[in-house]
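Several structures are given next for inspection.
Next come two complexes built around chain A: one with chain B, the other with chain C.
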Partner chain A sequence: MASQADYKDRQFLAVIGDEDSVTGLLLAGIGHVTSPPDNQKNFLVVDNKTENSAIEAAFENFTTERKDIGIVLINQHIADRIRYRIDTYIQAFPTVLEIPSKDHPYDPEKDSVLRRVRRLFGE
Partner chain B sequence: MSTEKIDSLLQQYLLLLNEYTTLRGSLNNLQSALYQHLARANFSAQPGVRYYGQDYYDERMQATSRLETSVSPETNTPQFKLSKPHTVVVKPEPPNEPADKANDLEEIQQQSENEKSKAQSEPSPENSSEDTVDTKEEDNHSQQPNEEEASEGKDDDDEKSKPKERKKSNEPLRWFGILTPFPLRQAQAQAKKAVEDVIPRLASLSEQMKALELEVRRERKKRAKAEKEEARLKIKELEDKVAAVEV
Partner chain C sequence: MSGAADREAVFPTRQSLGIMKAKLKGAETGHSLLKRKSEALTKRFREITRRIDEAKRKMGRVMQIASLSLAEVTYAVGGNIGYQIQESAKSARFRIRAKQENVSGVLLPAFESYQTEGNNDFAMTGLGKGGQQVQRCRETYARAVEALVELASLQTAFVILDEVIKVVNRRVNAIEHVIIPRTENTIKYINSELDELDREEFYRLKKVAGKKQRDTAEQDAEMKARKEAQAAAAANEEKQASASAADDVPADLLAAEEDEDVIF
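Coming up: the complex of A and B.
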């Protein structure tokens, strides 16, 4: 299914989230900026002013362009803003995981894994 | 037969789902504790700190915890594990340097010895005894600084050869200053738990469930096909019987 080259270099977690979520996760030591001249960050801080296109571009970058990311964490309320993109995501790597944020508690109805479960049993 | 297989697959699936929901619960608890601690840290922020957030992120941050990704041989699905943070120890001196220093010292000593021997050989027999005494005294004077230099060099060397291993600080707490408030450290502890114990397992579970879903779908299709085939055979049998009766 997945070749070794596909996963062995995937050693980072990426985060798309609000400031508190990103700060919290970076405190755990997962933040990484690649060496110059690229200086690619593995996180994106999203606020009310952030465009949906910027979120989508970051998601695209973490899931498709970069080959060193194993898990993409995204706040659920932000995932909602690019829901069509998350729901049609079928790659084996990286795994996308929705996490709660401070102002938006986790809603199982929206979680993509549990939506898959319902689809499986609803058929 | 295929129904039994589907049932056993679904049973496995439900077990995974159970673990997934349990872990989701603990991730929720950890995250909400994390946000509370962050809010408390911001409430009691040190003077000069506006908000513990992106303004203080280190632009050259390096990940201290990294993922170990592997593919499970049993289920052929990705498995994630977070390797524990390792501290990077930076030695200020490359290993060649002490040897060079020792060589330098030897050179200095050799030089001083050479000078000594030169000084001893220099005084010619024509010189008066007073002169020789003078030159010897001068030599003594000129030697002293050399010895001092040598001894100073030794001291320097001793200081430098002391284990001066500096820990390169990759600690994200340092971005926010040297004295960080206690709630911020509590927030970090919660985040570490979430990132080390819960998130990699949740991701692995999600992938395992995905693989099982595919398998269940495949088996269901197979079953549907088999049922169709069975029904077709039955109809054919009946048609043959009807034909036989009509004849």
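Coming up: the complex of A and C.
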């Protein structure tokens, strides 16, 4: 069972997404930058030039290292680039949520959680 | 699996029989309780999976609307505001709080979103033009994020429940297919051993009784023989006596007068 004690101080959302998604979500007010010495952002803008290793590092940072993030939002087409990491990520905290982006419509078949849902329903 | 060998290592005594019976009863109670728990969780789980399915579809629509409103902003502001927004993000206005819900002993966390008052990182965004669109876009995105947070808590509950249900089902199956048959086997084994002991004991007692009977019979016979011998001896003596007496008797009877006079 996932440790149920450490969810108390998780109060932020994190985003890994393309520019438009990140902009929109920041406009909603989820952006947070930690106080000066580290200046850690809770969002990562990914474009065609971003390396997969950078995405992975950010994912790793948001899911394992930072203890104040409760939900990680990631664009589905970006999740596809590090699919094996998403599929092997089974912890309950923080929650990883795949979201659609403007250019890439949402495909329920690729979502790691929805696939489990479908498997359970025997489809 | 459920061979005669599959039993616990106990001595076949009445005490361990009692322990095993108590254990079997406990296992059956536990099994029915766990089964009920698993059913309650599964019910909840199915509900959550259905809601996840719905929420994911809804999320697709909400995000589409949000993207459209962002496109409006871009059009109205007349340039890309992404960089500006990324730079001016300082402190989260939109935060989440986790609370717990108890479903038959399993703590399911649920996220709840709330907005902190009075910090606005984007006060200057769209100041020149498109301020209204920016405002509307913010509201749209805030609603979208709320939907996302709801979905996220459903998903968290899904992951935790999935795990817990697996554990509970494993326990139910372990009790049903391993512990109960093994305990029953042990009870059967103890019972058969006790029966065996009983038969042995009975046979032994019979033997002892037989031996005793034989002994008494022997003693009786001896006694009888002795008595007979005694009786015979007595009879013999008597006979001898009577024989000698018989010799005398006629003489006695006849020669009674010939007896010497008793002199006092």
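Observations, loosely collected:
The rule is short, and it goes like this: the second predicted complex is superposed on the first by the 115 of 123 C-alpha atoms of A that agree within 3 Å, B and C clash if a C-alpha of one lies under 4 Å from a C-alpha of the other, contacts with A are read in each partner's own complex, and residues count from 1 in each chain.
One rule holds in what follows: a contact is a pair of C-beta atoms (placed from the backbone, for glycine too) under 8 Å apart; a residue touches a chain by one contact, two chains touch by 3 or more.
Model, not experiment: these values are computed from the prediction.
By the document's definition of touching, neither partner reaches A:Ala58: not chain B, not chain C. Of the two partner chains, chain B and chain C are each touched by A:Thr23.
Touching of chain A by both chain B and chain C, each in its own complex, is seen for residues 1-2, 4, 7-8, 10-13, 19-33, 42, 45, 70-71, 73, 92-93, 95, 97, 99-100, 102, 105-106, 108, 111, 113, 116-117, 120. On the chain C side of its complex with chain A, the touching residues are 49, 52-53, 56-57, 59-60, 63-64, 66-67, 70-71, 73, 80-82, 85-86, 89-98, 100, 107, 109, 111, 115, 121-122, 125, 134, 137-138, 141-142, 144-145, 148-149, 151-153, 155-156, 158-160, 162-164, 167.
Within the complex, the chain B residues that touch chain A are 13, 17, 20-21, 24, 27-28, 31-32, 34-35, 38-39, 51-54, 57-71, 76-78, 80, 85, 170, 172-173, 184, 187-188, 190-192, 194-196, 199-200, 202-203, 206-207, 209-211, 213, 216-217, 220. Of all residues in chain A, only 1-2, 4, 7-8, 10-13, 19-33, 39, 42, 45, 70-71, 73, 92-93, 95, 97, 99-100, 102, 105-106, 108, 111, 113, 116-117, 120, 123 touch chain B in the complex they form.
Listing the residues of chain A that touch chain C in their complex gives 1-2, 4, 7-8, 10-13, 19-33, 41-43, 45, 70-71, 73, 90-93, 95, 97, 99-102, 105-106, 108, 111, 113-114, 116-117, 120-121.
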